């Protein structure tokens, strides 16, 4: 896949939709659908700022961006659905299962063993799901 | 620098000391010195588990490990001294200033704009310090 | 409903019970019942301090108090049952669904997109429940 | 001041700059200046998403938005500089000192007494600063 | 049961396994089994550092160690499975149900009423489970 | 010192003042004085609920209560002033310096090494202060 998303010639919304589809695949689409009945504007913001603005920037490749996101969500420990989406996204952008496991184990150092354990169990579910 | 630390032929403590010195440079040594008067055994654990065990594992390179650590500490937002040590460590293992800035900006998505801002201001201090 | 609860002439416990019933309706009673088998004194404290003391103070109306509580619980992200109770309480004290959605979307700025998303999905469940 | 910022006829950036100036006054400008040397693009995002998008939405007035922000930042407890900016912003958009104190005291219920105390001490500093 | 685990004459791994079995009983074993399919090395670290190193230290008895762990996990509020394991462990090392309830109620002061409530409900489940 | 505070024959306020003075000594008084200019009612709540209600309960001795508080505040990592007050309080109610160090080191397991390090450095300051 491409490592970033050129910013010229299309809107933040279009760029963000393309980036979200490439990175998160169907999981991203499920989030957007779930927002339809409660806060459709928030789906637009989700396309535009995280994906149209941040993930589309050229200064850091998507593999590195997903390492950062998986680490942050595992450390915070209060956003399991999003952690699972980004473990799957990590696989999509080229991280190996073993690399994801290493990131999650490392969180024991910075956020404690329970955060690492719960991250590893989230990864176990993602890895076991039919592709 | 080497990307990981062979585990054969020496102790976790020796391996961890070597890894900490390579990764954190003098900052790591300052932490160890500061522990001497209060909890010297904790310095040993710090060498052994984070650095002798985790950072020495071959499954993820040090550049990726520091991306994960910088992201996690910025997202948690309650460990500024350690975040600064690892921003410096990120530079030591080959991250560019711009890559570190990208990681920190991305944390606005996962932990909020204040977490990203405070991470960026920590980076500003580290980048301004005499090398 | 009244906007605050006069403090004269009755006990903190009575005042708190009345405030909790007015604000949280049946949800508050469920919490108290659930505590009966494990920590009945804690139900008393729950009536007395949050509701008998804090929510009964005249300096801030209940609408503003529920805005603050919904924002705080969504930002913390680790107390979903209580967030749902207070989304329902917000409706009870006069917040519109749209105002609650705005509060939750705003938390993306201060606590990240996952906190906002999980808050919005909690609101979706509360709004869908039979009144 | 106006309670929201019409979205037609100007860019998100212009709208966000105007909203930030109205809400945060000089404090917002200080943040933007501080970002200049480290991450100037992040100042643009800060204008655009929080202020150009979220605070400019018509569904919730600025007084309510600042109640939510003060509550969230006090509850999180790890972003004191931003809490101070928004305590000042709360005064700017019409909250009284007493209302801000009530919001902060209420956080004892949801995030504990230390979070409330540290929020109150932040307010004390803001209230004491020359206007 | 013994109050600590002599450190001479066996490995950290053996000492940690013995400590984990004594403190957590079957719950610890379930965690280790669950790790087998995803990160078997992390089970080793879990034996070695928390149980072989920390819980085996003589300077604080196991009753006090479990008080600290139950308090911390209830306050953090994002690791319910681990909190349940340590509520059961607290009973194993001699804490009474009432003492555990007191610890959890006290967390209302330091982490808010929702953290205390969710801790109490976790304890209710553990106390109701067949021994 | 006495291990708890009889609840008969005096008010929550009086009982709380006595408990706070016994447990926290001058540090508690400083907090109350600091509140005078911003939120004097909150000083009353602080006497009444944490100290008059919770710490005065007979089901857990003060030594155990301070173990729980030190652990929770170190794990949360965002309330350093209160952590220092309770490290001093722990000494007041009979914990040894070594026991406090053990509690703080143990937090590396549940909240990560930075939380433990920052707790240990807080203890170092408290231990170094003139009694």
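Letters A, B, C, D, E and F mark the chains in the order given here, with residues in each chain numbered from 1 onward.
Quick note on the criterion: a contact is a pair of C-beta atoms (placed from the backbone, for glycine too) under 8 Å apart; a residue touches a chain by one contact, two chains touch by 3 or more.
This is a predicted model, so every value here is computed, not measured.
Taking the definition of touch as given, a chain qualifies here only if it contacts chain C and chain F alike; those chains are A, B, D, E.
The most distant chain from chain B is C, comparing centres defined as mean Cα coordinates. To find the repeat of C-F among C-E, A-D or E-F, check which pair has over half of the same contact pairs by residue number; it is A-D.
Of the two chain pairs shown, B-F and A-B, the one joined by more C-beta contacts is A-B.
Bringing chain D onto chain F by least-squares fit of CA atoms involves turning it by 120°, to the nearest 5. With centres set at the average Cα position, the gap from chain A to chain C is 32 Å.
Rounded to whole angstrom units, the spacing between the C-alpha centres of chain A and chain F is 40. Each chain gets a centre from the mean of its Cα atoms; for chain B and chain E, those two points are 28 Å apart.
Shown for chain B are the residues that touch two or more other chains, namely 41, 45, 49-50, 54, 57, 73, 75-79, 82, 101, 105, 108-115.
Chain contact topology: the protein chains form a complete graph, every chain touching every other one. By the touch rule above, chain D contacts chain C in their complex via residues 49-50, 54-55, 57, 59-60, 64-65, 67-76, 79, 82, 98-99, 101-103, 105-111. The part of chain B that touches chain D in the complex is made up of residues 76-78, 101, 104-105, 108, 112-118, 120-121, 123-124, 127.
Taken together, the chain B residues at the contact with chain C in this complex read 75, 108-115. Chain C contributes residues 41, 45, 48-49, 53-54, 57 to its touches with chain F in the complex. For chain A in complex with chain C, the touching residues are 31, 34-35, 37-39, 41-42, 45-46, 50, 73, 76-79, 81-82.
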